[in-house]
Amino acid sequence: MPDASPNPPYRLDADSRGVFVISATPFHPDGSLDLASLDRALDFYLHAGVHGITLLGMMGEAHKLTSDEGETIVRRGLARVGGRVPVVVGVSGGSLPAMKSLAHLAMDAGAAGAMVAPPYGLRTDDAIVGYMRAVAHALGPEVPLVFQDYPPTTGVYVSPACLRRVIDEVHTVAMYKGEDVPGLDKISNTRAAERAGGRRVSVVCGNGGLLLPQALARGADGIMTGFSYPEMLVQVYEAHVRGEPDAGEDLYDAYLPLVSYENQPGFGLAVRKEILRRRGAIASAAVRAPGPVLSRADLGEIDRLLARIERRSASTTR
Amino acid sequence: MPDASPNPPYRLDADSRGVFVISATPFHPDGSLDLASLDRALDFYLHAGVHGITLLGMMGEAHKLTSDEGETIVRRGLARVGGRVPVVVGVSGGSLPAMKSLAHLAMDAGAAGAMVAPPYGLRTDDAIVGYMRAVAHALGPEVPLVFQDYPPTTGVYVSPACLRRVIDEVHTVAMYKGEDVPGLDKISNTRAAERAGGRRVSVVCGNGGLLLPQALARGADGIMTGFSYPEMLVQVYEAHVRGEPDAGEDLYDAYLPLVSYENQPGFGLAVRKEILRRRGAIASAAVRAPGPVLSRADLGEIDRLLARIERRSASTTR
Amino acid sequence: MPDASPNPPYRLDADSRGVFVISATPFHPDGSLDLASLDRALDFYLHAGVHGITLLGMMGEAHKLTSDEGETIVRRGLARVGGRVPVVVGVSGGSLPAMKSLAHLAMDAGAAGAMVAPPYGLRTDDAIVGYMRAVAHALGPEVPLVFQDYPPTTGVYVSPACLRRVIDEVHTVAMYKGEDVPGLDKISNTRAAERAGGRRVSVVCGNGGLLLPQALARGADGIMTGFSYPEMLVQVYEAHVRGEPDAGEDLYDAYLPLVSYENQPGFGLAVRKEILRRRGAIASAAVRAPGPVLSRADLGEIDRLLARIERRSASTTR
Amino acid sequence: MPDASPNPPYRLDADSRGVFVISATPFHPDGSLDLASLDRALDFYLHAGVHGITLLGMMGEAHKLTSDEGETIVRRGLARVGGRVPVVVGVSGGSLPAMKSLAHLAMDAGAAGAMVAPPYGLRTDDAIVGYMRAVAHALGPEVPLVFQDYPPTTGVYVSPACLRRVIDEVHTVAMYKGEDVPGLDKISNTRAAERAGGRRVSVVCGNGGLLLPQALARGADGIMTGFSYPEMLVQVYEAHVRGEPDAGEDLYDAYLPLVSYENQPGFGLAVRKEILRRRGAIASAAVRAPGPVLSRADLGEIDRLLARIERRSASTTR
């Protein structure tokens, strides 16, 4: 970082890359926001070496926050990160005016871009492209967009051709977050289209880390997800960049039992918060109601998974 | 509340009945709230003789409003209605803390109860009953609840047995709004369970008026919906109460082509706002983006439907 | 029809039009096929003046039949109709080889075409177009296709652009059966594209008759559905063709309460079979298990609806 | 059956346990059944040491077969297995009469039981329990049932309480196949209910092997799935039975990258058939159309995954 300050804020663009961790939103056991833990979690992520941070993602329980709480987190989070890495803010949901208002507040506070998932109920290529055009128009040319393709939650399915249309027709889309499964072909197709002269965007995968080695091999520029050991993601990514994919994949495989365990829909969020709590990143593992609660058996499984990972990753990375 | 008129505010209870119209939320053409039109719409509904009003229903585009806008509508709407009829406020969505906050604000401002639809993703009897128990606990014993059963939008399916459990186990549920199709059996079952000694709740149907005569005959206490001619609903209801169901059904049938036309999912909201505009209830038919826009052909169909209804209802009600 | 026989079998084409009734599949009370009632039902439909008949539609409980039973119905039904009107056979479901086998058996027995709905799980324009291309290729150039667009059951959503692609790229598609709601715009768009030089297909609506007057006014060539009074559909269609839409719509409106009642998803099939039984078209109203069973209250509602329709349609058509 | 060994055919019961592999259904490249490969695949599975085999599972593309083809596979498969291990036959789909007919044919040919998944569209506890009661009644007391709980495909969600009702009320259910995710709690609950005196059933997991160590630790009696290395499942299961879960889990973890890769919905079937082909179990990897086709990139990923597994499982199991 340069000393003489007039450090321009990050803006997502086609060359953005690396590991963007989706921040948990910490709550007190009574369900109220725990802003001190938000600071602590952000420090934890930065210490893990992440290349970016995402606030108000689905993993951040964004849909359970009031508008005011969302704004509070954006302001507090951006202040804490203090420009050290780019920060993406999820603005999905509600109306275009509400999305615009949140996105502009975030950009004014130093965010690098706004993430948008097409909402439940969009069901055809034209509907999806039309929605993203309308969002881009409403948010304006100064807001770089992440287009989140996450059908398990949104119920919206994006074909390779539709994705290409979004990239070609919506020029403020700077990053594609591909979480469709199967969906590796969409990464390959995006890279092939670029080689054929198409507009380039940054491509990241997600899904808690699932199929990360394959995604990187297909040309992904990184990953955006909330896995509870973000330093593993960073090391796998960096091994890939160094041209040592096998070393990265060995490490990845050591954590795969936990990646797989966290990937239980709905339930995984509670697992992640519990692990973040154990690791000192947040004070309470509370998920805001309504949400999953871990049983004694679940906690025992986490104990066992972490112990096994510790043993094995020690032997892998030594 | 003034001392001279010891008029206590309405509270929904098992004896609540009649036509509760779901208020449109009026916007200016630029998508901002049109509060003057909200006043006008409420006056229009009261003039139509409705027995209650619902703010922030799905038809009220509640999910497109920011928290602040929602609160504004609740305050303004309750002030305008001024206690003349009971007002229900939809609080569905988000987290329990957010729902509690909105419900308490509404009750403090004079609302008669809060409406809650179980959210997308609840899929078993225990999950539904558990959710409603958690909501009732969070909102507290002073907030009468409307349990909205509307699977086309929520994707949540409630069996007769599950509905009975909600009624038996969640004591602040004062009203059941049944919009499952087919779902007339749930009205019959609810009444049968009451005759067998079960706890009574008020039962209303919805669905824009679809199957209203059947619902009333099965024992529904009224209807809660946003049909653009609420006075028709009032007359049908009152004919039913007077014991003249055939007269009511003749009038109903005259409007059925419009009921049926408005019942096109997603699209119907734009039709209703257009008709409310034509009838002088609101200044602009704007639906907040993203939302449907009427084509010239659609507008022509509305012209034709209204002309035919006018002709026929004239001859029916003479 | 010419006397000297070598009457070529009907083939669906872009000029096919009129009312295609979807035949019920009659069962004995024990769930076995009732082929005598199939004959009776077909005679009943022909007597009602329908312009075509569809076997093995969804309303025909096709998905509950074994392959052998399906073939039996096709052979028996085509023999009974004896070439008096075109007969469409539903072949949706299963694999392409199975669809090909049934479609060829049907065409050899004198069918006019095969109806195909894209199966649950197709979610993008390319997936839908690709599926229809694969079906057309598998069934071959001699099998005219009906493309059934019925999202409430299939979960497949077809945009206007996607529909245009199916029509332009899949040349054996002779008829579009539009049952999306809202979906009137797809009829308008199809006609507009034809006026602009696009390939013409026959367009029919469905949905048990819902929005029939609007569909005809938008340019539909007819309707394919299983409404229990097919003669009403015939008269409305013929009034439209004669240029007397108001007369048709008056009659339609008289039956709309029943159209609306039958349109309860899943449940409507049992209503239709009960009415067909009362009208003497089939011996038993049995729906094959698993399926809906009418309660006493349901039967009472049917009594009342039919009595009211009789009264009103008498006064309308006099 | 020979006279000297009055070896009674297997019947599934509460004590059934071990690895039931779901057999692929082999096709020739032109899509026709490849019965010689079916024999070869069954020999391959038996050689891998499986404790049971399932024919006509979802992984067996059962829904793409005609009724006749299904019967052919059942007869041929049961003859080939020759009573060496119990064989379960999937009978889901269609009507109760069709299910009964297939189940009885299978039992007469020596099957150990019939597997049933509640069909898409069942949405409440009562609907699910009622369906399973109707199936059990239709199939009769001589057909042991596997109740398959697989919501990703069926869209049917079964709560712990609903599962308990199925077990308690439907006495021919001998085995519960739990594939809900998250769903480990249902295994725990089932075992807890048995300890409290409830009826015992056999419990197996599935999902291609996902979360197998956790399922066994929670009390599952085995697994039923189509993973392409069934011998791994056998060894993990046997290590668990021997009381050496860590040894089993080490082996499991070595294969987890492939388990995870195969678990891509829809796509995984093509991966499995490709690997089975490479391993000599079937002649062609053809999936019946419509179905996924592997790209060059997909094939390269399989190469890499298998090479890495070979290396690592060698070092693990040495």
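Descriptive notes on the structure:
Residue numbering begins at 1 within each chain, and the chains themselves are lettered A, B, C and D in the order written.
Here is the rule we use: contacts are C-beta pairs under 8 Å (C-beta built on N, C-alpha and C of every residue); 3 or more make two chains touch, one makes a residue touch a chain.
This structure is a prediction, so every number in the text was calculated from the model and none was measured.
Contacts with chain C and chain D are shared by A, B.
Taking the mean Cα position of each chain as its centre, D sits at the greatest distance from chain B. One inter-chain figure worth recording: chain A and chain B are separated by 38 Å, centre to centre, where each centre is the mean of the chain's CA atoms. Look at where the CA atoms of chain B average out and do the same for chain C: the two points lie 35 Å apart.
Taking each chain's centre as the average of its CA atoms, chain A and chain C sit 47 Å apart. Contacts with at least two other chains are made by residues 266 of chain C.
Residue ranges of chain D in contact with chain A, taken from their complex: 181-182, 184-185, 188, 210-211, 214, 217-218, 249, 253, 256-257, 259-261, 264-267, 292, 295, 297-298, 301, 308, 312.
Those residues of chain C that touch chain A in the complex are listed here as 123-127, 151, 157-162. Taken in their complex, chain B has these residues touching chain A: 31-32, 61, 63-68, 93-98, 101, 119-121, 131, 134, 138, 266, 288-290.
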